[in-house]
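See the structures that follow.
Each of the next two complexes has subunit A plus one other chain: subunit B in the first, subunit C in the second.
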Partner chain A sequence: MIRYLLQRLAGGIMVLVAISLVTFLLLEQAPGDAAEALVGESASAAQLAAARHQMGLDVPLLRRYADFIAGIVQGDLGRSLVSGRPVTTLVAERFGATLELALATMVLSLVAGSAIGLLAAAHQGGYLDLLLMSIATLGISLPTFWVALLLILTFSLRLGWLPVAGAGSPAHLVLPAVSLALPTISVVARLMRAGMLDVKGAEYVRTAHSKGLSPRHVWQVHMLRNGLNPVITMLGLHLGHLLGGTFIVETIFGWPGLGRLVVQSVFDRDYPVLIGAVLLIAVMYQILNLAVDLIHAILDPRLGKEAL
Partner chain B sequence: MSPSVTAGQARGQRRRSLHLLVGGILVGLLVGAAVLAPILAPVAPDVVRPTMRLQPPGAGGLFGSDPFGRDLFSQVLYGARLALGMSVVSVLLAAIPGTALGLAAGYHKGQLEQVMSRVMDGWLAFPGMLLAIVLVARLGPSLITVVVAVGIVGIPSYYRLVRNGTLGLRNEAYVEAALVIGATSGRILLRHILPNLSSSIIVLTTLRLGSMLLAAGGLSFIGLGAQPPQPEWGALLAMGKNYMGTAWWLAVFPGLAITASVMGFNLLGDGLRDMLARETAV
Partner chain C sequence: MRVLRNLVLLVLILSVAGCGAVSSSGGTGNGGVVTRALTSEPATLDPHGAAGSGQNVILPYIFDTLVYRDTDNTYKPFLAESWTVSEDGKTVTFKLRGGVTFHDGTALDAEAVAFSLQRLKDAGAKSPLASGMAIIAGIEAVDRQTLRLTLTSPSATLFSTLSMPYAGIVSPTAVKQEGDSFGQKPVGSGPFKLHEWKPGVSITLVRNADYKWGPPSVKNQAAPHIAQAVFKVIPDATTQLTALQAGDVDIAFVNQPEQVQTLKQDKNIQVIESPLNSLIYLGFNCQKPPFDDVRVRQALSHAVNKAELVQTALGGVGKEAFAPLSPTLPGFDPSLKSFELSYDPARAKSLLAEAGFTQAADGTWTRGKDRLSGLLLTSSRAPNDAIATILQSQFKAIGVPLEIRLLDSTAAMNAMSKGQYDLMVWRYDWNDADVLNIYLGSANIGRTNRVFYSNKAVDDLLNTAGRTMDDKARQQMYVDAQKQIMADAPWQPLYVPIDYTAVRTRIQHAVMGPMGRVLLNDVTVTGK
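Our next item is the complex of A and B:
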């Protein structure tokens, strides 16, 4: 188990190095660089060269990557090309807000999604199942940004109950979290239901029923554990979408998180900030994927034996 | 097991038919709108009419008109072409390589599987939206950038699902039986393992078709995907956001179109899933 963990950790670090290289190479060779964005199109070649030199953009590419990696090891991600502030500070300022939003969304999604999925599976083929799954299908189909617009339109502009944008109070968290959670609730509900139905006809479930165990016991011990597998598998992937997708919601609601920082740095061509934020999100993914694989191995011994 | 039709099964069948029917209608509407856009659109989607600025539905056409006097209904119709093309291309870009690699890795465990899984981990470490953003920063905002990026980003979803499924199935008795009678790896994968994973793959494809539309719309909405005057639904909503207080229709109809299309794919896939699950269970 510990060996497996160490292997995965080593693999994760290699993956992060690969991502940093890919991101760095992609962005460092972008056509218009930040120096152009800073001095404007009308600047002379000399002004541009001076700006490049000042920003350190005239140093060879591999040298800059080596410096960059050396910097990361020392906790230094460079400085923003726009504000001149250290990237580490900028990213650290935003990390908490994104984490807060992501956690609120996950809790909301898991609790509501599992409850809906189990309820639907218990009434398979019934009208409650039909109703819940119709709502879930609608929830998956709703674009987050459209939901956000409708929520702002209704609860902020019409009713005036909740703030249009910003952060700082629990009231500010409500609309972004609900916008983000709606699709995830639906995904969890669908997978929970599908997982439960997949194992419903399994032989070990029939055996458990025939040896006289109470239906409740069969559900909790024999079915839930196996039915959770597809939920866990997909949740790991969906977590990624969730974290990555927060930047749309953060942009709409002016939420001061990493997502909004990423979008802003794309518009500013502020590559050090973009690379720093991308790397931090990649680190979060690695940790989440590792967690999901471990949970999966624990829940499904067939995979567990092979993986460990 | 001989099937005896119970009340629950009959209801399940009705639900399945309902899903297939409604999903089929919605996807049919999407395809119909895409194909017939030039015939159905009352005005070309890019015709600017200064006298028709911000007219509500009715006076300004079926869906109203935008700040340039363009007909929103025509724009949404032409947007269906973009939506359909984007979703199909991106799903193919994800499903074909992802499934093939997942089968190979799950069946032939060992170093190849290890290497491939690490590569896929790296891939997954790029959330779809984030990789799309990095590519947009590199290539410039465009619809094609977004389709390719989101398609490529979908590969590991298929890989993981299929690999995990194959790992779970490869020790099943019927796989061993096939091995004993001398079936080749290819035959075992295609005839014995893949069919057992098909319902999962269909559920995933359903989600991918929808999520592609949502991702492209989202990127266009914040200005990183399709660019005006392309009548992409997300880009239309972005304009609508600026007129939310005065022209609600701009923030409503393009979103409805996205929702209906995504829901069509989802319902269709759901109905097919139930149907296929029954076939493989028998």
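Our next item is the complex of A and C:
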């Protein structure tokens, strides 16, 4: 187990180095640099050169990358080229909001999605099943930005129940979380339904029924455990995606998440902030992947022996 | 965490329910909160640091400047009561207003102003005022109320520089105390002081109860009536509009034509035209054949139908332009209209023929082996994409095919400076006629002069105008320069944008300041 974890850790570090290098080189390839983005269009050639020097952009590329990595090793992600503030502070400020939104979306997806999936599975082939699965299909198909605008128009403008945009209270969390959760709820519902139907006819389920266990007990204890497997995998990976920031929803709802910071740092060609944020996202992905594998091992002991 | 969140909720409810429940310590302010939507959050509120969108919206509330620029582009006393300019124009002496203090209690005297201006000068290239500050050779506090600036040469742009939000006067005490974090904890002498900054969400200012030195264009020179001004970060234009209609924000800047129509129908919202010193133009790459030929530039200028452009791309929200200077800038003259290369496809074709092009059966033009076509470069920001498309169809009508390339602004500027384009659509926002020198002076070729235009006579006129302190003489030089520029056609001025500020009617006595600024000094609010 420890050996396995160490292997994963070593692999993870390699991935992070690769990601930081690729991000750095990609931004370097984009036309214009941070100095140009900063001084604007009316600055003279001398001013531009001076700004480049001030920001250390006149140092050779590899040297800059090496300095940057050296800083990271010492726990210093550097400072923003635009505001001069520490990258750690900038990223930390945003990560809280991103985490809050991601977790709310996850809980909503898991609870609502599973409930719908179970209900549909229980009524397999019936009208309720058809209705729920049709709604789920619609939920996947609707573009998030459109749903978001529609939710704002209905719940904020027409009904006046919820604030239009911003953050800071639970009320502000509702609309962005629902917009993000809608497609995930639908996917979870479908996976859950399929998972339950898969095991419905399995021998161990039949055995459980014949032992005289109540149908409720069989569903909750014997079937649900297996039905949840694909859902966990899917949600785990999706959480990684959500933690990377959700630029469109953040923009529409004025949510202070990582996505907006990342996009702004690309426009500003602010590479320390961009790399800092991207590295954090990559670390999150790695942790989540590991967590998903471990949860699987707990849910399904057979899988555990092979994986670990 | 939960306690904190509930507290925030409580504060929110209180501030909505009982306007003024939040402290409005001292003075006779009758309270109220005004909320303004902000498209992008500033990275810093240090006026002498890096500029960024969003920053100049907030700075003027926190910081005062030495002189005040009025909407008619004249300069009025602000922190400086009066000033004198020496015979040779190289020494300017300011007499400061007495009894002014910063938010932290530090006295605002000549020492403090000198400290501020020196700090701005030292910020160098990071400040958008770098070129304006470069002409100041000496900054000297003569006595408590007297400040003397020594210039390297007479400058007509000094007052423009000193009136900009980026030239705000900062508290020396706070700068020394906060160091690098001054941008997060700014201290000035303005009508409002920073109360709270929630990153990515909002910036809240509270009234400065000690304020009594407001600019001359507002009625209430004392502390503002309202208790708080909140700037709420909402990046999306549609959400901003909805927040405005729902009453979540009171003030928003509007620059999309279809939004203006929607807002005008809402009886709770007043839509005010914001005067901006801006112009959108079509620029030609004057060093790249065949656009180095003045006849080709003139011909293509005649192909542009500005009336159609403004109607179709902007829904009529814009004024057709004819001169390189925006009508609000000194040096603009209505008589320049007669020099315009106006819409005339027949003239366009005859000019192309004069330039040695022949029209083929398919309508395109060739000279020797070269077919006349062009790459039109602009930024991907609306409405540039629409403008580019209309121009493409108008040029096609005379037989000149255009390829459109849309890039983000930094990438577009970079490509333009390197001359990697044939035609460009671009916008300037500048508050002085000196803009012509920046974008068309040959000393700036390859950097800010991205059309590679060079004319000795124009250079001489623009350089002399920049050093002329006599307003009348200076304006005449700009008129003369514009006549030559219009004949040389490095630019075809397209239109003057009309931007709007939408204000909920519960906000009363909002005064429009220069550059789309809403002055809150006189504002009072009624219930929701």
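Please note the rule applied: the second predicted complex is superposed on the first by the 272 of 308 C-alpha atoms of A that agree within 3 Å, B and C clash if a C-alpha of one lies under 4 Å from a C-alpha of the other, contacts with A are read in each partner's own complex, and residues count from 1 in each chain.
In this text, a contact is a pair of C-beta atoms (placed from the backbone, for glycine too) under 8 Å apart; a residue touches a chain by one contact, two chains touch by 3 or more.
Note that the coordinates shown come from a computational prediction; the quantities given were computed from them, not determined experimentally.
Colleague: Let me test your reading of the model: by the given contact rule, A:269 touches which partner, first (subunit B), second (subunit C), both or neither?
Modeller: both
Colleague: Determine, under the contact definition given at the top, whether A:146 touches first (subunit B), second (subunit C), both, or neither.
Modeller: first
Colleague: Quick one: classify A:80 as touching subunit B (first), subunit C (second), both or neither.
Modeller: Only subunit C is touched by A:80; subunit B is not.
Colleague: With the two complexes superposed on chain A, say which partner A:44 touches: subunit B (first), subunit C (second), both, or neither.
Modeller: second
Colleague: Once chain A of both complexes is superposed, is A:233 in touch with subunit B (first), subunit C (second), both, or neither?
Modeller: Once the two structures are laid over each other on A, A:233 reaches subunit B alone.
Colleague: Who does A:210 touch here: subunit B (first), subunit C (second), both, or neither?
Modeller: Neither partner.
Colleague: Applying the touch criterion given at the start, work out whether A:251 contacts subunit B, subunit C, both or neither, answering first, second, both or neither.
Modeller: both
Colleague: Look at A:194 in the shared chain and tell me whether it touches subunit B only, subunit C only, both, or neither; answer first, second, both or neither.
Modeller: first
Colleague: Which chain, subunit B or subunit C, ends up touching more residues of subunit A in the combined arrangement?
Modeller: Of subunit B and subunit C, the partner in contact with more residues of subunit A is B.
Colleague: Check the residue A:16 against both partner chains and state whether it touches subunit B (first), subunit C (second), both, or neither.
Modeller: A:16 contacts subunit B only, not subunit C.
Colleague: Using the superposition described at the top, list the residues of subunit A that contact subunit B and also contact subunit C.
Modeller: On subunit A, the overlap between the subunit B and subunit C contacts is residues 30-31, 149, 152-153, 157, 251-252, 267, 269.
Colleague: For subunit B, which residues count as touching subunit A in their complex?
Modeller: Subunit B reaches subunit A through residues 8-9, 11-12, 15, 18, 109, 118, 121-122, 124-130, 133-138, 140, 156-157, 160-161, 164, 167-168, 171, 200, 203, 207, 210-211, 213-214, 217-218, 221-224, 234, 237, 240-241, 244-245, 248, 251-252, 255, 258-260, 262-263, 266-267, 270, 273, 277, 281.
Colleague: Going by the contact rule set out above, which residues of subunit A touch subunit C in the complex?
Modeller: It is residues 30-32, 35-45, 47-51, 54, 80, 82-85, 90, 93-94, 97, 149, 152-153, 156-157, 160, 163-171, 250-257, 260-261, 264, 267, 269 of subunit A that touch subunit C.
Colleague: Give the list of subunit A residues in touch with subunit B in this complex.
Modeller: The touching residues are 11-12, 14-16, 18-19, 23, 26-27, 29-31, 124-127, 129-130, 133, 137-138, 140-146, 149-150, 152-153, 157, 183, 187, 190, 194, 197-198, 201, 230, 233-234, 237, 240-241, 243-245, 247-248, 251-252, 262-263, 266-267, 269, 271, 274, 278, 281-282, 285-286, 289, 296, 300, 302-303, 306.
Colleague: Name, in rising order, each residue of subunit C that touches subunit A in their complex.
Modeller: Touching subunit A: residues 5, 8-9, 12, 40, 43-44, 49-52, 124-126, 128, 130-131, 180-181, 183-184, 198-202, 232-236, 238-239, 242-243, 245-246, 248, 407-411, 413-415, 428, 430, 438-439, 444, 446-448 of subunit C.
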